[in-house]
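Multiple structures are listed underneath, in structure tokens.
Each of the next two complexes has chain A plus one other chain: chain B in the first, chain C in the second.
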Partner chain A sequence: MESILFYCFATVAVGTSFILVSMRNIARALFLFFVVLFAMAGLYVFALADFVALTQILIYVGGVLVLLLFAFMLSNKELLNQLQAGTSHFFALPVWQALTVALLFLGVLLYAALQFDRHEPQWIAAAREAGTVITPTDRTVQHLGIHLMTRYLLPFEVISVLLMMALMGAAHLARKGGQT
Partner chain B sequence: MAFYITYIGIGLALFGFIALFALAAVYAERKIAGFVQDRLGPMETGRYGSLQTLADILKLIQKEFITPAAADKVLFIAAPVIIFMAVFFGFIAMPWAPGWVPAALNIGLFYVLAVVSVDAIGILMAGWGSNNKFSLLGSLRAVAQIVSYEIPAGLALIAAVMVAQTLNMQEMVANQGIRATVPLHFLGVWEVTEIGGILAWNVFQAPHLLVAYVLFFIASLAECNRAPFDIPEAESELVGGFHTEYGGLRFAFLFLAEYAMMFLVAMIGVVVFLGGWNTPLPNIGALKLADWTTGVIWGFFWTLSKTLFFVGVQMWIRWTLPRLRADQLMTLCWKVLTPLGFLCMAISGIWRVMVMV
Partner chain C sequence: MITLTHFLVVSACIFAAGMYAVLARRNAIMVLVGIELIINAAILNLVAFGRYDSTHYGGQVFAVFAIVLAAAGVAVALAIILNVYQHYKTINPEDIRDLKEK
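On to the complex of A and B.
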């Protein structure tokens, strides 16, 4: 049952991403992105990362996607037409380059997966020996909280400073010209 | 396979409950509106108009599906479903009585917040899909408001969670009454683990949680687009907001989602702050009122009565207070509620470390 569900989520995620990138209608593509994010959240649950899955929904679906939609709905139609035309886009690579990058990335992923199968990393074996593997009923939030406040405190604080800078920058940009 | 049948049964039972609640709540809303405005409200259908909402829903079910010619058909049809599902999924983690919770998730409260935030996407979908400027404006207003007010609501809940030390809603409720596994203190000084009742509720665990509850209640009104924060569907300005183009069963689903959302936010407030299925009656000496009024049936009774009381308060507020202007709405959110929320959160941290050791 679990593996059927897993493959369902995976198919939905991959399939909708394909449709998404080939779609010309930006509004619908953004709403499809919602399906992709949801399917990804489902996959996170299978990796026993329930907190990450919900954070994905809360932040990406409830926040980032809404902002994207706002930006899309409030922006100039001319600009959007230009975007939809495709080729003048800054990131638009010719097809063969995009394909090469994608294939190379696939190669790297496959190589990593094969390597992983052949030599299992030692920390996984050690954790299994010691019985410290996370089970589906464990409380992941508490582990996360403790680690964020002890082991990963510095990265956590650095990220908060970064977000603070982003907030201040946004407030500065949004100000009216004369008051700066 | 039996448990799949149970899952489906629970889903159907919840849906049935929401539908019944919406029918009753629409009637109650119209009667309360009538009372506040010194008129009678619906009186024609049935005795005292009691069959009015049933007649309304029968009319809505019979109606033809009308899709505007210029609408984005897929989005237009999907939107009511997504809006309703977002709210409906939220009910999964809500505890009803001791041992009676559809899914006792470890991160229940966080789950409810996350799933309910999907609502905003559905509203944008409806607004954009309708291809109507009133719908689009209404949905933009609604989403701006929902996204902003999620922050004070979330901060108020975090303040309570920091004191309760769990995100599992069933545990959170259990720790607010006589079945608590941790010592409870009324305002941090008087041990009330044995006494229970209203004294053990989270709002009275620490003085600032009362502020946090009021904050959450105000923010939750905005989250379900209720007056005084109903600019998204301001009839006098925007026809009907994001659901202008909807009719028939689709409109019925949007309406159902709105009332389900009212019940859900009231229930979150009750579960997190007001003791959920715990009784308000304390044990007084030999008079074991709290022991006598705790149990599965009492649990359902207390959850329902507390939640319905706060739904009633929401209706009362709707027909009493005038609507806030858009800029006043944002000022209230960002300059009053959010700083207060941060303050509550900070006090919770200090309270946890200094008082509740």
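On to the complex of A and C.
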């Protein structure tokens, strides 16, 4: 039962992401991105990370996707003239080269993933022997909160400062754009 | 029981899709979506490996940090994209050639 659900979520995520990147209409692609993000949140639950899954839904689906749709609507002119083929290829490679690079990456990663069982890291085997594996009955949110406030306090503060810098920078950039 | 290999294969496929979007698409917003797909694949790996670390919860904590960083990055990138659109009237990365105003 568990593995059937996992395969469903995995198929939805992988298939939708492949359709997404090959789609010409950006609005439809963005709504497919929504589906991919939900399926990825489901996959996080299978890795016993329910808090990360909820954060994914709150931040990505609630924030990032709305921002992307907003930017897409503000630059809507692209929808009309995106069918014109670009003449110069400075940044974006032609499609078949990009496809080759992506497939080569996929091949290398799949090879590494399928070899993984034979070369399992020692710390995973040690954790399995010592029994320090997260089980479905663990209260992960409570542990996560405690660790966030004790062991990972410094990264947490650094991230909060960086987030404030990013938001101020974004607001500054948007304001300067209005003046010029 | 779902093994680590399953997660690794799924995240490899999603990484490849994101890579293709970054390289091939001619729209800055779709390039950004490709970057988000790559970050999501990385987060899936973090979370899958973090299952074997119940003493420190390193994987899950850093997965949350990565999500927050990606959100901050998207906010800045979209501000830049909108500025570029106002200036050049296009968000095709190929058409944006000069850094300085003429």
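Going forward, the second predicted complex is superposed on the first by the 147 of 180 C-alpha atoms of A that agree within 3 Å, B and C clash if a C-alpha of one lies under 4 Å from a C-alpha of the other, contacts with A are read in each partner's own complex, and residues count from 1 in each chain.
Just so we're on the same page, a residue touches a chain if its C-beta (ideal position, glycine included) is under 8 Å from a C-beta of that chain, and two chains touch if they have at least 3 such contacts.
Note that the structure is a prediction, hence the values are computed from the model and not measured.
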**Request:** Please tell me, clash or fit, for chain B and chain C sharing chain A in the overlay.
**Result:** fit
**Prompt:** In the superposed arrangement, does A:G169 touch chain B (first), chain C (second), both or neither?
**Reply:** second
**Asked** Just chain B (first), just chain C (second), both, or neither: which does A:Y60 touch?
**Response** second
**Message:** Tell me the contact category for A:I124 with respect to chain B and chain C: first, second, both or neither.
**Reply:** second
**Asked** Touching A:A27 in the superposition: chain B (first), chain C (second), both, neither?
**Response** first
**Message:** With both structures fitted on chain A, tell me whether chain B or chain C touches more of chain A's residues.
**Reply:** C
**Message:** With both complexes overlaid on chain A, does A:F51 touch chain B (first), chain C (second), both or neither?
**Reply:** both
**Partner chain in contact with A:T140 - chain B first, chain C second, else both or neither** = both
**Request:** Quick one: minimum Cα-Cα distance, chain B versus chain C, in the superposed arrangement, integer Å.
**Result:** 14
**Contacts on chain A seen with chain B and repeated with chain C across the two complexes** = 51, 55, 63, 70, 74, 138, 140
**Request:** Would you pull the chain C residues touching chain A in the complex into a rising list?
**Result:** 1-10, 12-21, 23-27, 29-30, 32-34, 36-37, 40, 43-44, 47-57, 59-65, 67-76, 78-83, 85-87, 89-95, 97
**Message:** For a test of understanding, state which residues of chain A touch chain C in their complex under the given definition.
**Reply:** 2-3, 6, 10, 13-14, 17-18, 20-21, 26, 29-30, 33, 36-37, 40, 43-44, 46-49, 51-52, 55-56, 59-60, 63-64, 67-68, 70-72, 74-75, 77-78, 82, 86, 88-93, 95, 97-99, 101-103, 105-106, 109-110, 112-114, 116-117, 123-124, 127-128, 132-135, 138, 140, 143-144, 147-148, 151-152, 155-156, 159, 162-163, 166-167, 169-171, 173-174, 176-177, 180
**Fill in**
Contacts from chain B onto chain A in the complex sit at residues 72, 74-75, 78, 105-107, 110-111, 113-115, 117-118, 120-121, 124-125, 128, 136, 140, 143-144, 147, 150, 167
**Prompt:** Taking the complex as given, what residues does chain A use to touch chain B?
**Reply:** 27-28, 31, 34, 50-51, 54-55, 57-58, 61-63, 65-66, 69-70, 73-74, 137-141
